[in-house]
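Labels A, B, C, D, E and F are assigned to the chains in the order they are written; within every chain, residues are numbered from 1.
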Amino acid sequence: MSATVQTLQPGTPVSGGVFLLINPQARENTNGKPYLRCMLRDSTGEVACRWWTFDPAQLPSLERASVVEIDGDVVAFKGQQQVHVQTMRPLEPTPHRLKSLLPTSSRDNDEMFAEVRTLLESITSPSLRGLVDAVLDDDPLIADFRAAPAAMSMHHAWIGGLMEHTGQMMRIGDAVVGLYGDAGISLDRDMVLVGLFFHDLAKTAELQWRDGFGYTVRGNLVGHIVDGAQLVETKASEAELAGAPALADDDLAVLQNIVLSHHGRAEYGAAKPPMTPEAVLVARIDELEAHTRMAADGVAGHARGMTEVVGGLGNRLFARGE
Amino acid sequence: MSATVQTLQPGTPVSGGVFLLINPQARENTNGKPYLRCMLRDSTGEVACRWWTFDPAQLPSLERASVVEIDGDVVAFKGQQQVHVQTMRPLEPTPHRLKSLLPTSSRDNDEMFAEVRTLLESITSPSLRGLVDAVLDDDPLIADFRAAPAAMSMHHAWIGGLMEHTGQMMRIGDAVVGLYGDAGISLDRDMVLVGLFFHDLAKTAELQWRDGFGYTVRGNLVGHIVDGAQLVETKASEAELAGAPALADDDLAVLQNIVLSHHGRAEYGAAKPPMTPEAVLVARIDELEAHTRMAADGVAGHARGMTEVVGGLGNRLFARGE
Amino acid sequence: MSATVQTLQPGTPVSGGVFLLINPQARENTNGKPYLRCMLRDSTGEVACRWWTFDPAQLPSLERASVVEIDGDVVAFKGQQQVHVQTMRPLEPTPHRLKSLLPTSSRDNDEMFAEVRTLLESITSPSLRGLVDAVLDDDPLIADFRAAPAAMSMHHAWIGGLMEHTGQMMRIGDAVVGLYGDAGISLDRDMVLVGLFFHDLAKTAELQWRDGFGYTVRGNLVGHIVDGAQLVETKASEAELAGAPALADDDLAVLQNIVLSHHGRAEYGAAKPPMTPEAVLVARIDELEAHTRMAADGVAGHARGMTEVVGGLGNRLFARGE
Amino acid sequence: MSATVQTLQPGTPVSGGVFLLINPQARENTNGKPYLRCMLRDSTGEVACRWWTFDPAQLPSLERASVVEIDGDVVAFKGQQQVHVQTMRPLEPTPHRLKSLLPTSSRDNDEMFAEVRTLLESITSPSLRGLVDAVLDDDPLIADFRAAPAAMSMHHAWIGGLMEHTGQMMRIGDAVVGLYGDAGISLDRDMVLVGLFFHDLAKTAELQWRDGFGYTVRGNLVGHIVDGAQLVETKASEAELAGAPALADDDLAVLQNIVLSHHGRAEYGAAKPPMTPEAVLVARIDELEAHTRMAADGVAGHARGMTEVVGGLGNRLFARGE
Amino acid sequence: MSATVQTLQPGTPVSGGVFLLINPQARENTNGKPYLRCMLRDSTGEVACRWWTFDPAQLPSLERASVVEIDGDVVAFKGQQQVHVQTMRPLEPTPHRLKSLLPTSSRDNDEMFAEVRTLLESITSPSLRGLVDAVLDDDPLIADFRAAPAAMSMHHAWIGGLMEHTGQMMRIGDAVVGLYGDAGISLDRDMVLVGLFFHDLAKTAELQWRDGFGYTVRGNLVGHIVDGAQLVETKASEAELAGAPALADDDLAVLQNIVLSHHGRAEYGAAKPPMTPEAVLVARIDELEAHTRMAADGVAGHARGMTEVVGGLGNRLFARGE
Amino acid sequence: MSATVQTLQPGTPVSGGVFLLINPQARENTNGKPYLRCMLRDSTGEVACRWWTFDPAQLPSLERASVVEIDGDVVAFKGQQQVHVQTMRPLEPTPHRLKSLLPTSSRDNDEMFAEVRTLLESITSPSLRGLVDAVLDDDPLIADFRAAPAAMSMHHAWIGGLMEHTGQMMRIGDAVVGLYGDAGISLDRDMVLVGLFFHDLAKTAELQWRDGFGYTVRGNLVGHIVDGAQLVETKASEAELAGAPALADDDLAVLQNIVLSHHGRAEYGAAKPPMTPEAVLVARIDELEAHTRMAADGVAGHARGMTEVVGGLGNRLFARGE
């Protein structure tokens, strides 16, 4: 069995270890001699790496590589491990290799998808159910939905993160709509669940995660918010062609508004403000789930005391060290 | 039985009707003749009112009055009803009179309190349970908690609104903490529930609702956020005197931080940012519940189409007219 | 010939005058007697109007009316004219009637369209030319493009305003791209012209101008920025079906980015920042043309001195009275 | 006598020098050989330091150390001195050692305290005088007030800084109230002086300065603004128990408002806006004294020309080099 | 002796009363009959006024008038007095008439000027003293400095307000520089005093106060901040021509920076940030004096309770009613 | 012929090469041995440079130097060239040397000046023409106008940049005013052209470019916006003395307002908002030209893909790689 980051031991050599190559940089020492400084990552974690006998002529091919195979040694330095490389070879970033190397949701993919599917199958409006089925029947889209991260950093930045975030929001939305119903406040459960399902769905077009995580050209220029609203319209047409009752024009606009407004405010990227109670609720659940998860991850495993500033929150947290 | 706003009929005289007098203003007609323009309100609604034979000398006493008894007629004008007064007499604003005139939560007060109490009794930390009991044993504070509105306007601006808002947040918090637990994310349920219970509790000192709704001097100068943090400390001392295990210093600070940060950001009045996952969750649930309720109330009973700008949301909503 | 606002004369009665009815409001005098206060508008201007013998029962039908026929008198009051109504009858708002009553661009519609068409026909990229032809061949869309206002207020709030604003921007864009070319800075003229043509095109779906000016439901919930980006995609598909060479994926995204970013910044409604030199130029020309026109209109006909605050500019102007 | 930073001389060895160890960082040279990079500080200044023969195993103990004893050499490098270490030993950070090593106000502590006390003894309101006495009689609090810095950085970041800042503000407040009185504008001198005395008093709980400068857990989660308002209430209770006349409820709220609002605006941390002339004046004096001192320190000893950006001011200054 | 606002008595007729005419507006009653609504002001206060028999033909001449002479009656209405006019005649706004009608500083003009002059005469730098003398020798400028208000509203909006505000700032600046000197912090007293003297001096060109208070064209387009910096340069040239030692180039720039930056931040109108300790101090004293005075005036004579929002402060104040 | 950055070749020695020395920094290697790290620049580009045998005693003289002469070698490292120095000698920064070393506009200086002059000579208003002539006749000012950069970084940061930016804006302004005239919107062409000519003219006093690029003391403390408005006034006086018809007071203020407002908004440095259509147009052309040029330069020569964040625009661009 090949080494993983988690199983590295100082003094034990690494032979044929396969890792993602992160941020390779040529540096020069004071004698003008170049060396390579990088990180190695796999699904179990990250480790620092140095290649003292590096030949700068290899830099271009390494900069193109996302997966490498290495031989070398593990040393302890400043209380942390470091890999000192003897040889490093680029490998083809095949889906199989990437799959085993990218960080992945801690939850089971099938189980998460089953939760999402069950909630979608509880939708009672025929036209919204038809719309949802048009997505469920789109195998490549569903495959992407199950694989994509929810972000490049900040929160849920791992394989399966989009579905984990979406599913958690749908479970919260289902519970909250029920609690409001108990209190005499009626919200359109179908619209909330479909809005939550679609809200980040176009992250499948905004991000790419096969060759490391990154934005696509379309993601940069158009983005998941506008493409998500468009996806609603495309899938609504497909559903109608497939025989589902047509979504009323206003209901289509209401659903698109939920997608367009889920960041809440223009300064956070919303193309429109939330204009129905259901859109308000979706935007608020999105922020609740993202912030709570960032905060929980921010203190996880941290000793009692103040953390560094947590990116998406904008301030330091106090970890209770429990 | 005396007339209520809901039972007024054009053509049927009002005799001895008792109402809250809202915004009395002396106006002059073009002949320099003064008349009184005001609104009348009771627990069933509001109606416009004119007193053409008003004597300006009465204005000071009316400006001091919150409850009046009137005789007059109901006329229809511009599709709305209007009361034309013949006589108007200030009445003593006794608790009994105010109680029957102020807008009141549509939910049953005892039932809401039972929900809050049941959730509080499920707290397992002895020191937090002791803290909560110190509040539950404070009869005047509990009476105020059950009676106070949650705000002057915006949301839950009615008798019982503070408890209705707090209880709904606690039910949502309980559900959401459970859903995160299912997903492997551990949050301190006790701290969340106690934080939610205390977050607006000092609105009992910030607002006064016996003589119409208004801010107290202390509410203006100090406010419920700072007084709420102080209330945590006072009740923690009382709990310890009553024999409960002491709250650890850091836990006291964590709980006070939840109260101080529940508005989320300094520009919305938070004295500190939320610094634990539990504080983040409380702030997000507060916004979720307030915004969702404002949006639901904003479209309730509205014909299909755009509403006016909804105060606390900052934009117009689309009412689906359903 | 029927009276127009411009031809009204104090002392000369109005008989069978046809006008848009603007902002009809029932007011009461101090004796409780209702009267109607409104404005009358036609393509030549606006005039204040009072109907002292108004019966409130007519208000609902008048509130639904956009066109009315009146008999009455013209009086001078405070240096301005005022129409005092004897009879007012709602008329069917037929296209023909609306056409003659709405404010209309001061420029000739055919001439403006010819300018736009000529610039579009100078586009040399076959795929962009195909895209543009798909719009030019869409008769209902072109008819709307030629008729729609560019806004409800602020600037170009008149029939033909969308085309007048778009055409002026295209002429400026053409000149500016040329001047940069002379200076050795190469910009993609085709992309700039097509981006300018599409930037506000979905105002045809955002606004309605047949029955007075207003926002559509879709305009409120989705808006012209997102629908404009979508229109690019729809027309690109149609062009390809019609035999035009396909627009490259990245070029499609670049063009959609121009539309999505033409308000420049998120706080002004942009869904993405401008991400190419061409998008930057389009956003800047939009602001230049809108602001310059608002400023020119703001001082037009104003006596030497300070104007009121000009809405879209946010400050008062100094009119030189020339 | 042991070496101080000010007395270091290139070429003169350091033997048994005692310093604060600032920011110790293990670095590696290009041969993978680790060295220690740090700063040494004492009350007379700071000097750069390198330990080329450092053993990484010592890093944890050094990271915990705040005081170290070193032997080594002083070299000149880039026009600045640098200490090259031969041996470095952690020392117990006893109060006596810290006292001699931390930067300290340039003014005499007893003299500053006498100024504060004299101004407090001039207060004529019996209840405010009682409140102040409750603080003056609290020896540990007064000891902290005399020792604490006013901030971690920015301004008055030295032992005695809190009292120096507070005392200077009280002297300014006293003068300004007098000048307004001369001009016929009456301000409550007692309230201004007591407000100034309390405004930062809870920095004694927010900061810790015994083991280097830092924030306490309570400082992070609650902060000096809220704890300062609370301190007013606690001391008012103590004063009443000690026989002083009770502070009226509104006066207590006015004084707490001064403390809560002294940062002026919510975005700068104020929990409430200043709501009395006295609160307005306190907030303005705080900004005047902090900004003036930061500017004066920012140009002190600087050659004629532009400084770097001065942290608390947000821009560069022009030093006149005088 | 002619009536003043302060001496009006209900029931006592006004004959030949001379007042400033404020905000004359033609209104119509419900019979279409016009009347005039306005305020009358003199140096003792303001009173509401109605002219029921007003002829609209007179409106243009009244709109041009700033001083009127009236006959009429005083009536009590809503606890306030109101003047009902029988005749109203425009008068020439001679300096003498305006002088007696405009609100005027409560402090003696000669005394205030003596204070300013004394402080200016204490300046020791020959070049700055020469600069100041060039202003003191400019009789028309000094006359304007002594007469101008400091603002149109907000603070010191009265004849003599500019000098009252400037003088109070100079006295505070003198005291504060001294207190810093005592504490070992050296500030350039001459530069502070000259900066304070010049900071608002060009309000003499920005405002006009002979014909009621208003902005000049130059005040609108250029403003007192830029014109003030220019005035420094002009007067420095004059001083040099008059034989004073030349101000060094950098000192000229430092002084102009004080004037340009006295509003503190760009969003408040500063053309540059304060870039010397002296500029920082001037900006802070300006805000201290303006805010303290607005707050003191805001609660003056107000009953115990909350005031309305005070314009320049942005929030309500609590008046202690003392 | 001496080496230029563009002609450097790895393996070919540099002998007597003359370059600007950019950012010289002494660094130490891990043996405590110092070396010099810097950039070399000439009008053809920039190259990295290391001096391994550097003597720190030379640092002060090098820090003062802007021009150096070097001998050394060129090596290839990480795909980029690097100069390894053997000897480095400061040279006198004579105008001739600086001229040949500073980055310079790619356009011909005489040609650009001819374009500006031609447009200025087309001005028809005698007083504005006189004002412009007063500048054209000021040889040192015109020399500076032709030489100065438009900025330190961001855009047009090269010799001749001020004139290139100004001339391009004047050409755009001329075209746009013409296009508005065609559309029936009259703008004052003379005022626009003169405003554009003056808008950045005082950058000649704000920046210095003889000894590298930098801000002057006056530029820091006063700046080109205020000095530009002053320059208008000075030149207007000179023109009048030279016999030109006087500029009307209001026209002077209008022109100064154009200069003061050309950054559009206070937060971008405008001392006043644009208050005439001409000022609005100038501000919009300034932003159009600056942003378009920054965007065009930002993608120039960049491979297809996303650029780094472009300073003056605040976001990344998509380079189409064409």
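By our rule, a residue touches a chain if its C-beta (ideal position, glycine included) is under 8 Å from a C-beta of that chain, and two chains touch if they have at least 3 such contacts.
Because the structure is predicted, anything quoted here is derived from the model rather than measured.
Trainee: So which chains are sitting against chain D and chain E at once?
Mentor: B, F
Trainee: Count the residue numbers both chain A and chain C use at their shared interface, divide by all numbers used there, and answer same if that is over half, different if under half.
Mentor: Looking at both copies, the contact residues mostly coincide.
Trainee: Where the centre means the average of the CA atoms, what chain is farthest from chain F?
Mentor: That would be chain B.
Trainee: Suppose each chain is reduced to the average of its Cα coordinates; what separation in Å results between chain D and chain F?
Mentor: About 44 Å separates the centre of chain D from that of chain F.
Trainee: Taking each chain's centre as the mean position of its Cα atoms, how many Å separate chain C from chain F?
Mentor: So the centroids are 40 Å from each other.
Trainee: Could you pull out the residues of chain E that touch at least 2 other chains?
Mentor: If we look for residues of chain E contacting two or more partner chains, we find 29-31, 217, 220-221, 250, 254, 257, 275, 316, 318.
Trainee: Mapping chain-to-chain touches, which pattern fits: line, ring, star, complete or other?
Mentor: Topology of touching chains reads as other, fitting no named class.
Trainee: Would you mind giving me the full set of chain pairs in touch?
Mentor: So, checking each combination of chains, I get A-B, A-C, A-D, A-F, B-C, B-D, B-E, C-E, C-F, D-E, D-F, E-F as the touching pairs.
Trainee: Residues of chain B touching chain C in their complex?
Mentor: 29-31, 33, 35, 50, 52, 75, 77-79, 84, 305-306, 316, 318
Trainee: Provide the residue numbers of chain F that touch chain E in the complex, in ascending order.
Mentor: The contact residues of chain F facing chain E are 217-218, 220-223, 225-226, 229-230, 233, 249-250, 253-254, 256-257, 260, 266-267, 269, 271-272, 275.
Trainee: So in the complex, the part of chain E that touches chain D is made up of which residues?
Mentor: Result: residues 106-107, 164, 168, 171-172, 175-176, 179-180, 183-187, 250, 254, 257, 273-277, 280-281, 284-285, 287-288, 291-296, 298-299, 313-318, 320 of chain E touch chain D.
Trainee: Within the complex, which stretch of chain E touches chain C?
Mentor: Touching chain C from chain E are residues 26, 28-32, 34, 56, 59-60, 215, 217, 220-221.
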